[in-house]
Amino acid sequence: GCGTTIDQNGNASTGGNADGQKELVISTWGFSEDFLQESVFQPFEKEHNVKIVLETGNNAERLNKIRQGSTNVDLIYLSDYYAQQAIDDDLLEPIDRTQLTNLDQIYDIAKAPNGEKYGPAYTVAQLGIAYNPALVSGEVTSWSDLWKPEFANNLTMPAITATAGPMMIDAASRVAGNKEFNEDAAFTQLKQLDPSVVKYYSQTSEYVNMIGQEEIAGGPIMEMYFKDIQAAVPGAKFVTPSEGAYAVINTVNIVKGSDNKELAEEFIDWQLSKDVQEKSAKAKVDSPVNKDVVLTDEEAQGITYGADIIENLRKLDMEFVNKSMPVWTDRWNREIGG
Amino acid sequence: MTLLSLEQVSVAYDNHLILENFDLKLEEGKLLSLLGPSGCGKTTTLRLIAGFLEAKGGKFMFDGRDYTHLPVNKRNFGFVFQSYALFPHLSVYDNVAFGLRLRKMKEGQVKEKVLRMLDIVSLNGFEKRFPQELSGGQRQRVAIARALVIEPDLLLFDEPLSNLDANLRVTMRVEIRRLQQELGMTAVYVSHDQEECFSISDQVAIMNAGKIEQLGAPTDIYQYPKTEYVARFIGFNNFLVFDGTRQGNTGLEWTIGDYGFDVQLQAGQSTANTYKGAIRPEDLRIIPLGQLTDLQKSLSNQVPGTVKVSTYLGRSYQFEVQTALGAFTVNQEMDIPIAPGQQVMITFPADKIVMVAQ
Amino acid sequence: MKEKHYGLAIFSTLVFIFLLGPLVIISVTSFGPGTVLKFPPDGFSLKWYQNIWAVDMFPKTFVTSIIISLLGNLLALILGVPAAYALSRYHFRGRDLLNAIFLSPVLIPGIVLGFTMLKYVLVMYQLPIYAGLLVGHTVIMLPFIIRVIGSSLSNFDFSIEEAAVSLGAGRLQAFFRVVLPNIRSGIMAAVLIAFLESFNNVDISVFMTGPGISTLPIQMLTYVQNYFDPTIAAISVVLMILTGLLMFVIERLMGGLAYFTKR
Amino acid sequence: MKINKMYWLLLPGLLFLTVFMLIPIILTIGSTFVQEGKPTLEGYLYFFKDAYFNRILLTTLRVSVFTTVICIALGYPVAYYISRLGTRKKGILLALSIFPLLTSPVVRSFSWMIILGRKGLVNNALVATGIVDKPIEILYTPTAMIIGLVHLFLPLIIITLVGVMENVDSELIRAAESLGASRFTALRKVLFPLTIPGLIIGSVLVFVGSLTAYTTPALLGGKERVISTFLYQNAMTLNDWYLASVIATIMIVITLVVVGLMNKVATKLNPKG
Amino acid sequence: MTLLSLEQVSVAYDNHLILENFDLKLEEGKLLSLLGPSGCGKTTTLRLIAGFLEAKGGKFMFDGRDYTHLPVNKRNFGFVFQSYALFPHLSVYDNVAFGLRLRKMKEGQVKEKVLRMLDIVSLNGFEKRFPQELSGGQRQRVAIARALVIEPDLLLFDEPLSNLDANLRVTMRVEIRRLQQELGMTAVYVSHDQEECFSISDQVAIMNAGKIEQLGAPTDIYQYPKTEYVARFIGFNNFLVFDGTRQGNTGLEWTIGDYGFDVQLQAGQSTANTYKGAIRPEDLRIIPLGQLTDLQKSLSNQVPGTVKVSTYLGRSYQFEVQTALGAFTVNQEMDIPIAPGQQVMITFPADKIVMVAQ
């Protein structure tokens, strides 16, 4: 249980509680809380005599709250371009990398996804394609296979607002044959795909339910959810497309104005430690970025693991994505699925 | 021709029987009044006829057809509700026009009829008012107008004039009677005003706890109630409980102890001792004892007594007189009332005593 | 008096099939053993019901939700009932405007309302999270309380209130002893709708919750973003059972919902 | 004196709303008319000049109007039926009608998939009975969106209406019937006008609810966009609260206009309401 | 001692004046009746006194205190509503107990009082019923019981007996009067039943369009109406419009054309020609012309005419008689009515003609 760690008053503005114990406020998604409490938060609390208080919600919600400063969050977990948004809005405290003793154990891609000033990625996952072979004839090996007639009226794609949305724009640009990103070509390509799309999903649960009910044959999805897909469709397959899967990068950062900067840095370092990374991986909570973590095949099932895969992931330029998002969203709204 | 007949009808609220094996017949074009004490089932009878209540048993025939299960709106009966039941969202005009419009009448004609009816109930100028903005009597008149204007096959009136002043009440009852007769409508009428019932009706039914106790022409009922209940109800407040008969000066006399009473029997009545003599307060006469000659004192049909209470009634005074035969109520017109405490002689005119079943 | 409406009865039955059909499917799937929603399920299991208690954020946020919704409801009643009464009892200039103002919280898209309240109530007015959450929920309940009770009062015969006052009742006594009991079906409707509106609210809560404080819908939303198992279905079933039990208790305690609906 | 009393009754609620909602919202909306310190309508012009946005707006309105009308059409008779039932049955049906509100939108959309999907109950039935030869598309169409919204809001209108109908004197219905109105006409001409206040508030709640609903249209609605999608995109993904507020203001104005229209119609049907 | 006084009170609905500069005084322990046509402002007056309406102007004093702005519930007045206004959610018992419980009376005492009061209104056994389950008259009696049981300082009755049958109405009015006098309560009473008003009241006020036209003791009003309006209202349906005076056989005679009328003037009345003669239908006498001697025919105070309509009223018959001086209404008790078309002589007894201001 984790109930004991939560400040019942919800008053996090003092930075400490009645018994003078420090409080570390962490803003995160709110999944696998049981595991995180036991293996990540509680050991840290004990070691540093600190109380960890959680604020949970999705990226956008939590980002909005730190923007308004309604609660004094010390650490925030964000994925992909939400971290970049936080940086653009000057909400994050530059990090002192010298404090992160475990940094050299992690993959390059995870070290400084948003630049040296900001926090590292504590997990990197891949976005590939999952499908139901019973409904799709032939092997699926490439992003371009989504455009094949097998997927006609059988496909789901992430909505532009989903984490994977911008990745699909990049993928479409590449499928259209461009080495350099070509926005127009990408949208033309996506537009061609539109008739095949049954539904653009914005929640992974929709994907899982649709494939389970055979409303769709497949579509792009993060590897970490594949075990759920298999539970629904035992014969389902997950592929890393030949052009390369996309990296879903989740970072942890210190929020500007935190009173507990050093403690926060220690926590980040703790999050990157082999110990935590290995436990998380084995519990299938997060794919490890720590190169020292060694997993059996079975332990690696359903998580993104191994230098060969991780080092080949495509990583979008977050600043560029962020800048482009208003335009992409608008074009996507107008040109696709309308 | 019998237009309406209720045959062995029973009605109950929950499991509480209100009407039991109720029978009623009414000729076409006639107006029947239901008279009876509060709670005896008058409204229930009207609601049954209107179709608002479902009978537990029995049959309701109208115009030769079985109406027992016919829906309310197929009946074309007009109903004036005891509680008015005006449509609060409609103006006086629209309340009255409601039924006409349902009959798809042209607006011009609707207007003509509504205005004429409002004229009859003296509500010209009130067309635009809403029910909440009317006095009690005005609401009641709207309710009457609303039911009359559709010229229904049968009119059901539940105390339609209870909230009107005496003059208006007379005017309205004359109007109702006129319209009813002119248009040949049949009607069942409930009112507590006996004069109203007697003056407006072709037939009067006196009800007692869910049954009709006597049904007849107004004059018959008024003059010759058949039972004590009816007699009491229509104002024969004084009763003589006879204990035997004897031969008197002018023929057979009924007796109570030493007192002898000359009584005119109605057709069909025997001398069997199953009757009470009933007499109205206004048919009794009292004279202060001092003003009587000895001869007068010795006549039959007289009882001496003492005035206990005297009440002014407008036209007459009412006296409570205590006698050896019990208390009697006497209404008598006089300029200077007899004061309480005075000794008086009560006279019971032989032709005013009605023999009623006990 | 019994009235017969066969057509209506059939129609109503169909509507209830429409309303309840999906719930039957949800209930059935909640007993499935798999980690994803499946209909018909592959077997029978109660593990998702156990999971509700295992993930202790569920009971915790459930309690928070109940407390916020009940307190907010009470507050909204205290603020709203007098207003509803005034708006239907008296006709005065500016009544339409006031009606519109009291309705306004439902006219504003929830997310904008939530964000705005975050900016002002939490940040500017510096209300503690719990208080802010309560205020937010009270704001969204107010229109339901005022307008639903108000529409009940629109057909109310105020002469019985006068009768009570003439018998010596103060304004408040007359209201509580005579007006209230006669519009209890309206009050019941208002309280119920407001409660559900608050209990299910996401838009406001998303912004007004904070470290350590969350509500059940937010928790459920968070959960379905990462898990696809029938726990959420099981929670729905538990909520329905709780509601049913509550109704049963009411039935036993005060002669049923009849108490709220009889006139 | 009466007037004073009345203000005391209104004041607490008004004050509360003003402080916690009205002022913040007015400031937020007000800010959409100002850019860089100068008054402007740019945000609004941007939207209204845009044919695409206008089309979405129309779609949204259509969905909301349909939802509202269907909710009334289904809810009104059911509310009438419930309101005339014996007290015990009434309680049970009222309880049953709130059950749908206790289920999470996500599982609810899953069960709609079971019902409306390609392999769903409806399509199976249609194919089995030979009415259609291949499954029809219902799920992920505007129809599905409307069905989902109706399912979401029907309880609201039923509960509201039952509350109002119980305060209408049933003697009035009888009066209408005695004047020759069929039960239906009596309901239409008497019950209906008298329940207008409740109907209006119920409809407003449904209309506004479906106009601003996000989750249900997103889950069931397929590719058809509604205006709240835009609001969410701008607010939550793009963090553009300026445009989000502009859209919100447009939605508020639309609802005010619609509510105004409804009130007009209401006054016509029931001048005393 | 004057307990209640309304001074120059005005009341309006919206901008429509109902009472204008209305004055009224009532002594402690007295019962005053308001009589007047539907819509004249009786209910309005009661509601004003009760405090449900706010006066536009003027003052209401009660027991020496200014009550004009005193809240209703501070007044301790009992109100019997024209529309009953029973609490639908409370049983008969609880309706009646309502006021007592507000006074924090012990349940034992409440029970005793309520049951006694229900006994008085003949509703024993109805304690558990709800208002919807009562007949109209039963509801009305609950309303009366509810107002009486609190023994208020002032009782306000708005048509309290309108839905009761004649007998019950008499019983109830006697009870009301008894309680009022026994407990020394003061009361204002509105009823359309004139007999009821005259028999129950110490004072009667005849209202006309928001004003009191005449106020006085019941006998005074009944016998000597001062204006045509009052006369007409209390049943002087026949009027003689004089055109002059002349010296007759027995003294000064009023004339209409050739017809001469002997009239007894009231104190304070002059012979000025500003009067009309008013007479009640039951004070006129008719005799078929054939039964008159020539001498009788030549007497004054007589007008010949033709019977147009004859109506049975129960006790008496009513005749419409057309004469050279217009139509007259005559009520006369007789066994066999005079048939329409017959020639009759109408006699106007000199002591029954009342001179009223035009």
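Going in written order, the chains are labelled A, B, C, D and E, and every chain counts its residues from 1.
As a convention for this text, a residue touches a chain if its C-beta (ideal position, glycine included) is under 8 Å from a C-beta of that chain, and two chains touch if they have at least 3 such contacts.
Keep in mind that what you see is a predicted model, and the values were worked out from it rather than measured.
Graph distance from chain A to chain E, where chains that touch are one step apart, equals 2. Inter-chain contacts peak for the pair C-D, counting C-beta pairs in contact. Averaging Cα coordinates per chain places chain A and chain D 36 Å apart.
The distance from the centre of chain D to the centre of chain E, with each centre set as the mean of the Cα atoms, comes to 57 Å.
In chain B, the residues that touch at least two other chains are 52, 83.
Each of the following residues of chain C touches two or more other chains: 37, 115, 119, 171, 182, 224, 262-263.
With touch defined as above, residues shared between interfaces to two or more other chains in chain A number as follows: 61, 64, 203, 205, 209. Listing the residues of chain C that touch chain A in their complex gives 34-38, 54-57, 60, 115, 118-119, 122-123, 128-130, 206-207, 209-214, 218-219, 222-228.
Listing the residues of chain A that touch chain D in their complex gives 60-61, 63-64, 67, 85, 89, 160-161, 194, 197-200, 202-203, 205-206, 209-210, 213-215, 325-326, 329, 333-334, 337-338. Of all residues in chain D, those touching chain B in their complex are 169, 171-172, 174-183, 185-186, 189-190, 193-194, 269-273.
Residues 52, 106, 109-110, 113-114, 117-120, 139-140, 218-219, 222-223, 225, 229-230, 232-233, 236-240 of chain D are the ones that touch chain A when the two sit in their complex. Listing the residues of chain A that touch chain C in their complex gives 1-3, 6-12, 25, 27, 29-34, 53-58, 61, 64-65, 68-71, 73, 203-205, 208-209, 212, 227-228, 231-232.
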